[in-house]
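Scroll down for the structure; my scribbles are underneath it.
Letters A, B and C mark the chains as written, and numbering starts fresh at 1 in each.
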Amino acid sequence: MAIIETKNLTYTYPGGSKPSIQDVSIAIERGEFVVLTGPSGCGKTTLCRCFNGLIPHFYSGKLEGDLTVADLKIANHPIHEIARHVGLVFQNPENQLFALSAEKDVAFGLENLGMPRDEIRKRVDWALQMTGIEELRERAPHELSGGQQQRVAIACVLAMQPDVMVLDEPTSFLDPMGAQKIFEVINELNQKLGITVILVEHRLDLASKYADHVIIMDEGKVILDGEPREVFKSQTARLIGVGIPKATRLWQMLMEDGIRLKKTPVNSEEAAKLLREVLKA
Amino acid sequence: MIEVKDVYFTYTSGVEALKGVSVTIRNGEFVAVMGQNGAGKTTLVKQFNGLLKPTKGEVLVDRVSTRDVSVARLARKVGFVFQNPDHQLFSETVEEEIAFALRNFGFEEAAVKRRITWALNLLGLTEYRKTSPFMLSGGERKRVALASVLAWNPKVVILDEPTIGQDHQQKEKLRQFIVQMNAQGKTVVIVTHDVEFVAECNPRVMLMNEGKIIADGEAKKILTDTEIVAQASIVPPQITQIFLGLADFGLPTDLIDVSEARKALVDYLEERAQP
Amino acid sequence: MSVFEGFRFRRVSSLVHRLDPRVKFFYVLVMFIVAVIFSELLPLTVLFFLQIPFVLVGGVQREWLRSLKGALLFAVMIFTFNFIFTFLYPPVYAQSASPIEYPLAMAVRFLVLVESFSVFFLTTSPDHLSLALEQSHVPYSFTFAFTTAVRFVPVLAEEAQTIMDAQKARGLELEKGSFLRRIRNYIPILIPLIVSAIRRSLELAEAMESRAWGASEKRTNLYVLKLKRGDFILIVIAIAILLLGFYVRYFVYIPPLKALLPI
């Protein structure tokens, strides 16, 4: 059974003239690493807000269709209940951290849930260790770099041990090296702990090597949904204006010139390997 | 145009952000200042319009030291578009927003009106003339900020991390716009860590690391130099990464653009096909 | 920005810093009460000097002296006001004292009140303080608002600086012009700051909700404040000062300073 399933999900913000997402029907299996992308304004942020219940409980407006996450019908449960199963990491690292030390921030969600102190302590230590930031536990947020802050934010969500982690453009404010580190952390959580990941990203060159499922949206609708290779190689992806990996773009161009590669590459290493075979022959 | 002479800069917090930087930017150049976060890029470009003054050394803009002129006077020549447009927007209408700087610089009302119309047109914002800037989307607000700087026609335009938060199409449009601005004679300086963006326009690159400029030259040469790139902790462009793995075939190693890569491969295979 | 220096959290750990904030607050309350029950210069001066050991052990001399300097202005005002007043309407009990003693006492009382609070805030870190508030059953919404506010002070200060830079780079001259003009010049700085604060609050609210805010009536805490030996010693000292103060006030004659000095 899919861990996230939507059927004809449609949502209009209060006062909005047209829906921000329309007839979205997708299924995400447990343990998948999903990359969600599309041009600005396509509805990916809106969809993320639906996954953890901010829509419709925090933002009013009209939500139609069905959305089930971890066997919960989102419309029927309060946000704090959904928060045990779905964590959401936001774009701006600064505005997710409220406390004066990293470990207090990580404890925040658990304190809200009323957990006993020793349980909180155990989970906080575990989350800090899994994200590799144990030595930062006593630091205040403004003493940390953007990348470190985002890792704290991920630890905050991880401590609640959700089934699903949604990350809405978490590397926007980071440089490529910082972004790389974040993707590695997220990938480890996905591989080691089996947490289903939904990553909204524009940097497809860096993120696609971890993805087993890619969804592309445009103007509120899901346009492409499937395996990364299939999605990126389609002309539609490029025409919508999505920045597909350069490796895939090169493959498309070579196809036009009559040069075939064995597979469609989605990152630079794959492309190099496939080109070697062609050049050797 | 802009001369940086052995500049050192330390923040009041004690952090030494620039450790002996010397560089010259001539009129009409297109420069990308690159490096990882914290390398000193923004600190350096803030010297160009006097927002920061060197702790040691000197910065000359048009032969005048930045220490001898106010920021407002320098701003007339050196426009600075900040990373976050929301740090500038405060007016009731887009029109008023663009007028702000023009009035500060003492343009007369007729000229102000003319320039507003021109700037709105240039950035495709004419329909938003009377709209509140706070009602616009993120991308539109960025364009308003850019329009408000271009309106007073500075000789130099500095853009601090213009690609953050932009999708692929928006970056494309921005790139074309910047190239056009430069072609029309403006000196353009961008601060960015977006290697792909730079790879597609091939400007002069000043690569910084730990407060120093460690490389200065054509983007093609610098971004494909694996040692220098590793030293600055930046990631080389995707195309370069692909061709690094193919060096032993005798293919060029200084490729950064996808069309060039295609051509190189096609040429190689055609040559090999000939007996 | 020097104003914010005082709020910038420095990780100092002295004996005084490690005391339970609730106990320190009790001590300050005692200072308050004892300062109010006396109108004579001698005991008030003693109370003032009683702060000094805490300041020295806490290692906050520089900041304490700075706040003293700031309070001195008001102290002088209080002195002057009281001096004029007692000159015009000399109170009965002050017959034997010199006319400057009562006003001086009032000024010193003010300093004692202000400075004991100053020592409290200088030796208590914000998170320690919020923990104390929580454990004292102050509603969590209040403590949360307090801690979050303190957390964002350096962020807002930096943002204000960035906004000023951005507007200066558009030709805004903050130093020039008449007084009225200069106030108007701050509008391009205030509006982006306020708008940014509103946007930030929305993002924070989203993050809070997403981490189960409001899930449970009984919120637990990662840390807990436990009274230690040092705290009990301070409680004893405070109670002793309180009792001694009342005793001296009602059973001991306090001579005016004039009688003690060879004037």
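Keep in mind that, in the parts below, a contact is a pair of C-beta atoms (placed from the backbone, for glycine too) under 8 Å apart; a residue touches a chain by one contact, two chains touch by 3 or more.
The structure displayed is predicted, hence computed values, not measured ones.
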Any chain in contact with subunit A as well as subunit B: C
Chain pair, A-C or B-C, that carries the greater number of C-beta contacts: A-C
Chain centre separation in whole Å, for subunit B relative to subunit A (CA means): 29
Interchain centroid distance [CA atoms averaged], subunit A/subunit C, Å: 45
Subunit B and subunit C: spacing of chain centres that average the CA atoms, whole Å: 47
Junction residues of subunit A - those touching two or more other chains: none
Footprint of subunit C on subunit A - complex, ascending: 49, 52, 54, 57-58, 79-81, 83-84, 87-88, 90, 92, 94-101, 103-104, 107-117, 120-121, 124, 138, 140-142, 156-157, 160
Residue ranges of subunit B touching subunit A (in the complex, touch as defined): 36-38, 137-139, 164-172, 193-196, 233-235, 237-239, 241-246, 249, 258-259, 261-262, 265-266, 268-269
Complex interface listing, subunit C residues touching subunit A: 9, 11, 125-127, 144, 147-148, 150-151, 154-155, 200, 203-224
Contacting residues of subunit B [partner subunit C, same complex]: 46, 49, 51, 70-72, 75-76, 79-80, 82, 84, 86-90, 100-101, 104-105, 134, 148-149, 152
Residues of subunit A defined as touching subunit B within the complex: 38-41, 91, 145-146, 169, 172-178, 180, 202, 205, 241-243, 245-247, 249-250, 253-254, 257, 259, 267-269, 271-273, 275-276, 278-279
